[in-house]
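Just passing along the structure, written as structure tokens.
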Amino acid sequence: MLARLSDTLWRRPGLFILLLLTPPLLWLGIIYVGSLFALLLQSFFSIDEFSGLIRYELTLKTYYELLTPANGDIILRTIIMACAVTAAATLIAFPIALYAARHARGRLKAFFYLGAMMPLWSSYLVKIYAWKLILAKEGIINWVVEGMGLAFVLNAILAFPVIGGNSLSVSYIGTFIVLLYVWIPFMILPLQAALERVPEPLLEASDDLGATAGQTLRHVTIPLALPGMIAGSIFTFSLTMGDYIVPQIIGSSRRFIGQAVYAHQGTAGNIPLAAAFAVVPIVVMAFYLWYARRRGAFDAL
Amino acid sequence: MTVAVAFENTSRHFGAVVAVDRVDLVIEEGSFFAMLGPSGSGKTTCLRLISGFERPSEGLIRIFGEDSNDIPPNRRPVNTVFQDYALFPHLDVDDNVAYGLMVRGVPRGRRKDEAGRMLELVKLGGYGRRKPSELSGGQRQRVALARALINRPRVLLLDEPLGALDLKLREQMQDELKAIQETLGITFIFVTHDQGEALSMADQIAVMNEGRVIQTGSPREIYEHPRTRFVADFVGSSNVFPPEVSVSFGEAEAWSSLRPETVSLAPPGTGRVDGHVVSVRYLGASKRVTIAVRDHLVAAIIAADSPVPDQGGGVSLVWPAGSFHVMDDD
Amino acid sequence: MRSERKASVLLKCAAVAGLLFLHLPILLIFLYAFTTEDTSYVFPPPGLTLDWLAVTWNRPDVWQALGLSLRVASVSTVIAIVLGTLCAAAVSKARFFGRETISLLVILPIALPGIITGISLRSAFNILDIPFSTFTIILGHATFCVVVVYNNAIARFRRLSGSLIEASFDLGATGFQTFRYIVLPNLATALLAGGMLAFALSFDEVIVTTFTAGQQQTLPIWMLEELVRPRQRPVTNVVAMVVVVVTFLPILAAYYLTREASSSRST
């Protein structure tokens, strides 16, 4: 019986692949893609203002609500934050990735690799919690700053409008630091992988042709590592855009998209508006992925 | 003579690409058969058609007379030595070699004995407990050979068997493969792009190009009587002349080939045609002289110690009657 | 040469500073787990004590949350291993139409923010009137865990050169024997590593879970509650430390599993 099945699959290799693919495609296709469609569908429904119940008729009304100044601010604020976090992550991740990929050898390399990988997998909430401890008024940062007699500097920074606040833990600066901390490992690893794949002889050739270390970096290393950088930025950008827990715990009362989604679907019971909000990151990411694919970044994932 | 493997008008397409194009081929039992051709000529696909990893798009493969199109690889009396050896990295040498017996349910004790015997045959006795990663390239190949032979196949397929070995090892393995084939008396079919390997090991050669078999015959036939320009050019490095040049050399008006080693040099005016020396390349036991005759270049391979004029010097070419070989025009 | 040396010292400093930024905050958790202060996050801690370990040990709500998290992570991991392996096998086996689309489909659940996956599932449950249960949590978790198993498995499948499988068939093995004796042993460490990462991912997940759990509490949800509305801070400190340790071990194991396999193969 089994032998007969084995023979049939040999005669029809296409059938075999189809057989392998069916369960995962059913799962991802029905549960995941199906849910995405459910989300899309919900965003075209609306809330009846009097009863507060969902009206199951297709309408663009909910999307118009996104354009109100308050909601527009939320979207803009989120995208700016995602850009800032992505840029900072690239800047900080690059030296770590470059050193790990090109300079560290043997044990040191393993150490660096683990050092970059562990934070990726360590607990999201614990990381946030750690920063709550660090940024608290009575926490380590204030202790250090006061110990060094630099309290006025911190106060000056916090006095800035918009990004400042009463203390670090309720300011945008705090939100930014924690988002950066939480999502930066997703930049380091793809970047490191891309840098590993830059062939050594190319760098030697550039050296040989008289380029300084800085020129080699700018004209050879960075262009070749670009796909990895884009791959990393897909993660940092997307994950920052959708995060609602970090800004909820550390930050000011002004909301981000994720918080809006969570609030509207939860206590407010306005699932259509929550869905419409959630479509925004999808659209932004669709453009981003389309661009990344054209630059060949998928191979670096 | 029994026919071991026969291709009957066999083709294999991959989408729009025709890898094997209406091949008719008969491989006799007990022969050491070479499929020779440049990369992309379809020779490896032919091998995979015999082992069963590809199925003909059209035509038939017969193995010992039986239509094998519907027989999967694991039930063909054929085993393969893969180009990259394909040794199972998680099994030691003994288990690699005994794998074919294990999947047939042969008890452990007999498997071990038989694997030991096979390792002796390939001169690797005592290596059974090593892992493939602990072996050299030449040793890995011997293990692959022992593993393929343990099922006592009637036909052994070898895909570029010597391709990954260095020169010295290659020559040694050529002799050993030949010896093993003679000991076992089974059919060996191997694929190679190296004409020297094909000429020295095989007793029959099929030269392939662009999915077609261009010529089959003994090494001598192939070498001395290439049927087409392609064969003349690919097997050895013949001088190939278009009809008008052949005529000007006093031969028949047809595409013809002339082996460089049949050409010898004489003082100007004393040979068949005159020319001047363009270059001389030293090859060890011999040297290769390129001579310009009017607009045409002719290569000659002569003994290393024979005198040659300096570059640009006049020289006359001599070849025995009948050295020119007339070919098909393709 | 001189500029190279200088650049590499600068680079080393930046790299080390980056690593410190990544690791110091986590280490702080270990300190706070032993602090005697129980109402604020004061630094430095006024004193150290082991009492909170015992207090946490006796909290039934923590044990319940832990139990649910372990159940969800185990089932999700098993599902992810099966689906991820099948998918990797198919994609690595042949170049067929839509191969890239499948890779994209697998990656999407983690490339899109978790909140999208969360609200999507929530919408679907809402439309289909599916009540929240352990099962709804697992549906979400398994979906984004597939990708880690898939990534590990496909890397191994690529190295498991096609000719190994052909060699097995060639020597007379059936498809099932080939799977049992050749594919599985070569895949095992990759699957184990992928499975451990999937487990860690699921064990820690909070964003999707908040949308699919309803009133149930996994350990991360328990922690989130404590972060938003702190009740007993020292207990949270201890739980945070335990979570760090519990996720650290499988990840370290996964790293060594995949590393050994790749180094033994490269020789």
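Of note:
Just so it is clear, A, B and C label the chains in written order, and each chain counts residues from 1 on its own.
Here, a residue touches a chain if its C-beta (ideal position, glycine included) is under 8 Å from a C-beta of that chain, and two chains touch if they have at least 3 such contacts.
Note that the structure is predicted; figures quoted are calculated from it, not measured.
Relative to the centroid of all protein Cα atoms, the closest per-chain Cα centroid is that of C. Of all chain pairs in this entry, the one linked by the most C-beta contacts is A-C. If you average the CA atoms of chain A and of chain B, the two centres end up 56 Å from each other. Averaging Cα coordinates per chain places chain A and chain C 16 Å apart. Chain centres here are Cα averages; for chain B and chain C they lie 53 Å apart. Those residues of chain C in touch with two or more other chains are numbered 174. Shared interface positions of chain B, defined as residues touching 2 or more other chains, are 52, 72-74. Multi-chain contact residues of chain A (touching two or more other chains) are listed as 6, 10. Within the complex, the chain B residues that touch chain C are 51-53, 72-75, 78-80, 82-84, 86, 88-90, 99-100, 102-104, 133, 147-148, 151.
Partner chain B is touched in their complex by these residues of chain A: 6-7, 10-11. Chain C makes touch with chain B in their complex at residues 161, 163-164, 166-174, 177, 181-182, 185-186, 264-265, 267. Taken together, the chain A residues at the contact with chain C in this complex read 2-3, 5-6, 9-10, 13-14, 16-17, 20-21, 23-25, 27-29, 31-36, 38-39, 41-42, 92-93, 95-96, 98-100, 103, 110, 112-119, 121-134, 136, 138-140, 143, 181, 184-185, 212-214, 234-235, 238-239, 241-245, 248-249, 258, 261-262, 265, 271, 274-275, 278, 281-282, 285, 289, 298, 301.
Residue ranges on chain B touching chain A, taken from their complex, read 52, 55, 70, 72-74.
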